[in-house]
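Next come two complexes, and both contain chain A; in the first it sits with chain B, in the second with chain C.
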Partner chain A sequence: MKKYINQFIAIFSVEIKSLMRQAGQFGFVIFLPFLFSFFTFGIGAGISGSISLEIWFYQLIGFTVLTLALIFTESSAWYVREGLLTGRLEYLLASPTHPLVVVTATALYNAIFALLMFFIIGFIGTIAVYGIAKILNFILSIFILVLFLLPMLGINLIVAGLTIIAKEPQGIIQPINSIISAVSGFVYPITLLPLFLQILGKSLPYYYAVENVRITITEFVNLLYLYPLPLLLLYFLSGIVIYRFLENIFIRKRGTYGW
Partner chain B sequence: MREIIVARNLVKIFKVKERKGLFKSNPKLIRALDRVSFEIYRGEIFSLVGPNGAGKTTTIKILSTLLIPDEGEAIINGYDILKNPNKVRESIGLTLSPEKGFYSRLTGIENLVYYGRLYGLSKNEALNKAKNLVELVNLGKDAYRTVDEYSLGMKAKLSIAKCLIHDPPILFLDEPTAGLDPLSARRIRLLISELTKQGKTILLTSHNMWEVETLSSRVAVINKGNIVAIGSSKELKEKLGLKYVIEVEVLNNEIKDYETSLGERGNPVIKMITDKPNETLIKLIEELKEKGYNIGYIRIIEPSMEEVFARIVEEK
Partner chain C sequence: MLNKIFAEIERGFALWKSYKIFLISDLISTPFWIYFFILAILIYAQHLLNDRFIMTNLMWGLFMFFFISSFMWLGNSVIIILQQGIMENIILTNTKLSIHIFGRGIISILDTTIGGIIIILMSYFTFKVTLYIADPLFFIIFLILAFLFFIFFSTIYAILIIAVRSPWIITNILQFILPFFSGAIPIQIFQKEIAGIITYSPLFYIVGPVVASATGYYIMDKYLLLTIALIIVLFTASISNYLEKLLIKKALKEGKFSLF
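Here is the complex of A and B:
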């Protein structure tokens, strides 16, 4: 057990250290949702002539969860790609590190990055629109978001596995991120979409994540909206299985990355 | 048991695609390893040499559990690579490419601690080990700079330190001096020699035949996935019947009975080609003494490993 803890801390701490030494990236990610929400809010206000901060908040939360979802979809794919380019992945695979330790440590790092981002943006937005009245709701929404990060992690691992086959992450990430962005109701209600896109959106975890976060902040935790969570956890399980399978077949058996 | 590494009939086939136009491609099978077998003895430096694409790195990757062989088996430090991969991983230190494998924004020490902890060391254990290793590889205070500021030579040193962090009995060094300047390469070679004195077993690959000959106790030549020759460099030279050249400078101006050429110092030099240099030389010196000739310098020119390598690879 001690061995696994040391391995976990090794992976987690180097990722955190690397992030801390490129803080500008984090600042940019914080800035983006504000930029886009003000932009869409400004256009909406200009067209309708009415100014409602709640509408801006709806957009802000949507863009924040969208940014978080995009990062959470592609982070492992980039971890794999960077690992292959720098040779770090081979050394990791040649060490006695348990694959689940790698997945857990990188997932926790990604989750902390995402949640920190959500906390900073969401806190500023909640205080600006509702004052301290909704702070408890906001804190609860972080816990709700954590639950939905698990199925997102599953998709993240599937994307990482596909990156092993495709070698370049962009070809996998860009279409997946476009679909996720379009059908998950981040910045407009999902009901505006054709039925088949609504079904697609509702079969992914992102729609439930953003809806539950919004409901929890503006109203309160509603267990009725959490019903798909057990089913969505299948993404998490299948993500681990698919990634491990693809890693074994393409890296260890087929030697896709050089011999 | 004398053998610490045993590879038996390793086969590895890669499926590649031969692109034809924009969409068409033909699948092609490449037999990267074709029944590769060898043993490496405890405490020796064993070199695997061969042309590019011969199968050196594939062999190392299979032995280090990074690749799964299609056929055959390998035992490392008593553990089967397929049945006990984690035990194998704990037994080896690996350097695949000296400049790769590091977090560029972390310092050398931080990278070493990271790898130490991957092998189950606690933070303090890994840190103490890392501090000792940076002294051993002569990185000194550079170990506290971020890796993105390192020269290739510094990365090569760090790479050796990395594979020693968990104190494994076996080291796989894949071209550890590739791209290094002569001084840095010399330092790495000295370090490798030092490590065998500490009881480490080393599997080395290199394109530098002089380095291979100087460092290794035995050499295997691999070509197109086959081990085509194996033995000490002396054994390989003898097996191929490579000739030695003996040069003896004679200080007398007039010399009979021997064919001579003009030497560097303007004196006649007798040159003889032989596969038994010691016997031929003793015989020649005795003859020259009997005939009253004065001898200047004596030189034996050995066939190089480069000749051995070229002969074996070209013949096959």
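Here is the complex of A and C:
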């Protein structure tokens, strides 16, 4: 057990050190949801002639969860890709480090990164629009968000597995990101979409994550809305199974990546 | 000179053909991004979703948004050219940076064309917009002028950010701000005060006419717009040429690529 804890701490601390070296990048990621929400707010206000801070807040939270979702979707894929390019992946696979330890350690790092980002942006947004009245709701919403990180991690692992086949993550990530962004109702209600896209949106965990987070902040936590969570955990389980399957077939048995 | 231009165009095509996976990924992702951008903006005015005139304008706005964005990333790519040591080869072969960018611009224009066709078809089927181009001749003329302008603009942009440590941050921000202040989203759908501000931007006389010729809604005489656009393109070309010479001079003298 001590061995696994040491492996976990080693990987986690490497990721944290890497974050410390790229503080500017972290600052930019925090800035992004503000940039996008002000961009649509500016155009929207310019077109409609009225200003709606509630819609701005709706989109700010949406863009924040979207940024977080995209980080969670693609981080392992880039981890695999960079490992491939630098040769780090070979060392990692040859070492006695269990793949699940690697996944859990990087997931924890990503979760801390994402939640810190959500806390900073959400806190500023909540104070700006609702004052301190909704701060407790906002803090509660962070716990709700944590619940939905596991199914997102499952999709992350599936994408990482697909990267082993395709070698180049960009070609896979780009379509997946666009689909997730468009159908999950991050910055507009999914009722504006055609029915088949609504169904697609509701089959992914992101829709439930962003809706529950927003409802918790603006109203209160409603356990009824959390009903799909146990089902969504299937994403996490399938993520592990698919990733391990592709890793075994392509890397461990053939010793190669891709077809 | 012509040989160099054709060599760069050929190289652009060769590069474009070698990135098949990106082509497929663009084909899949573009329609979804269209939904995302249009609905992200129209959440503020949902009743406009049924307004064919507004939706047609927004469709062309998105087309120009993709156009500008791809040229901004083209400028950004010069940093990679520098990091890979290609810049030294460009100087050694006595090729101008703007001509080199022209070759890569071919990729941008092909991507924009494919993305543009998808945008137009998607908007037609889902938002019921008007498909025809109101003034095809002037649309092509203004599009060529916009292409030339953004080649020089990308060169200037690349020279200015060449020594920046994380240029992608600036590019990411500018790719959203520039279309907004360039008339990519037609000013007639904005409130009058905001529309007034946008007309002060020089980019408005490059990007705005492309959208105007497509929709047929010109805010001033089209020949006057053409004259202004031509002057701006020539002016940008001369600035680009001057800065490029300055950059090369400094690079040869001081051994580093930076104006500052």
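Quick note on the criterion: the second predicted complex is superposed on the first by the 256 of 259 C-alpha atoms of A that agree within 3 Å, B and C clash if a C-alpha of one lies under 4 Å from a C-alpha of the other, contacts with A are read in each partner's own complex, and residues count from 1 in each chain.
Note that in this section a contact is a pair of C-beta atoms (placed from the backbone, for glycine too) under 8 Å apart; a residue touches a chain by one contact, two chains touch by 3 or more.
Just so we're clear, the structure is a prediction, and the values are computed from it rather than from any experiment.
After overlaying the two complexes on the shared chain, residue contacts for A:Tyr227 are found with neither chain B nor chain C. Contacts of A:Gly49 after superposition on the shared chain: chain C is touched, whereas chain B is not. Shared-chain residue A:Phe36: touches chain C; no touch with chain B. Touched residues of chain A were counted for both chain B and chain C, and C has more of them.
By the touch criterion defined above, A:Tyr188 lies against chain C but remains apart from chain B after alignment on the C-alpha atoms of chain A. Contacts of A:Ile179 after superposition: chain C is touched, whereas chain B is not reached. Contacts of A:Phe245 after superposition: neither chain B nor chain C is touched. Touch criterion met: A:Ile9 reaches chain B, while chain C stays clear of it. Residues 12, 14-15, 32, 57-58, 61, 64-68, 86-87, 89-90, 92, 94, 96-97, 100-106, 110, 113-123, 146, 162 of chain B are the ones that touch chain A when the two sit in their complex.
By the touch criterion given at the top, residues 2-3, 6-7, 9-11, 13-14, 17-18, 21-22, 86-88, 90-97, 251-255, 258-259 of chain A touch chain B in their complex.
By the touch rule above, chain A contacts chain C in their complex via residues 24-25, 28, 32, 35-36, 39-50, 52, 55, 58-59, 166, 168, 170-172, 174-175, 177-179, 181-183, 187-189, 192-194, 197. By the touch criterion stated above, chain C contacts chain A in their complex at residues 21-22, 24-26, 28-30, 32-33, 35-36, 39-46, 48-49, 54, 126, 166, 169, 172-173, 176-177, 180, 185, 189-191, 194.
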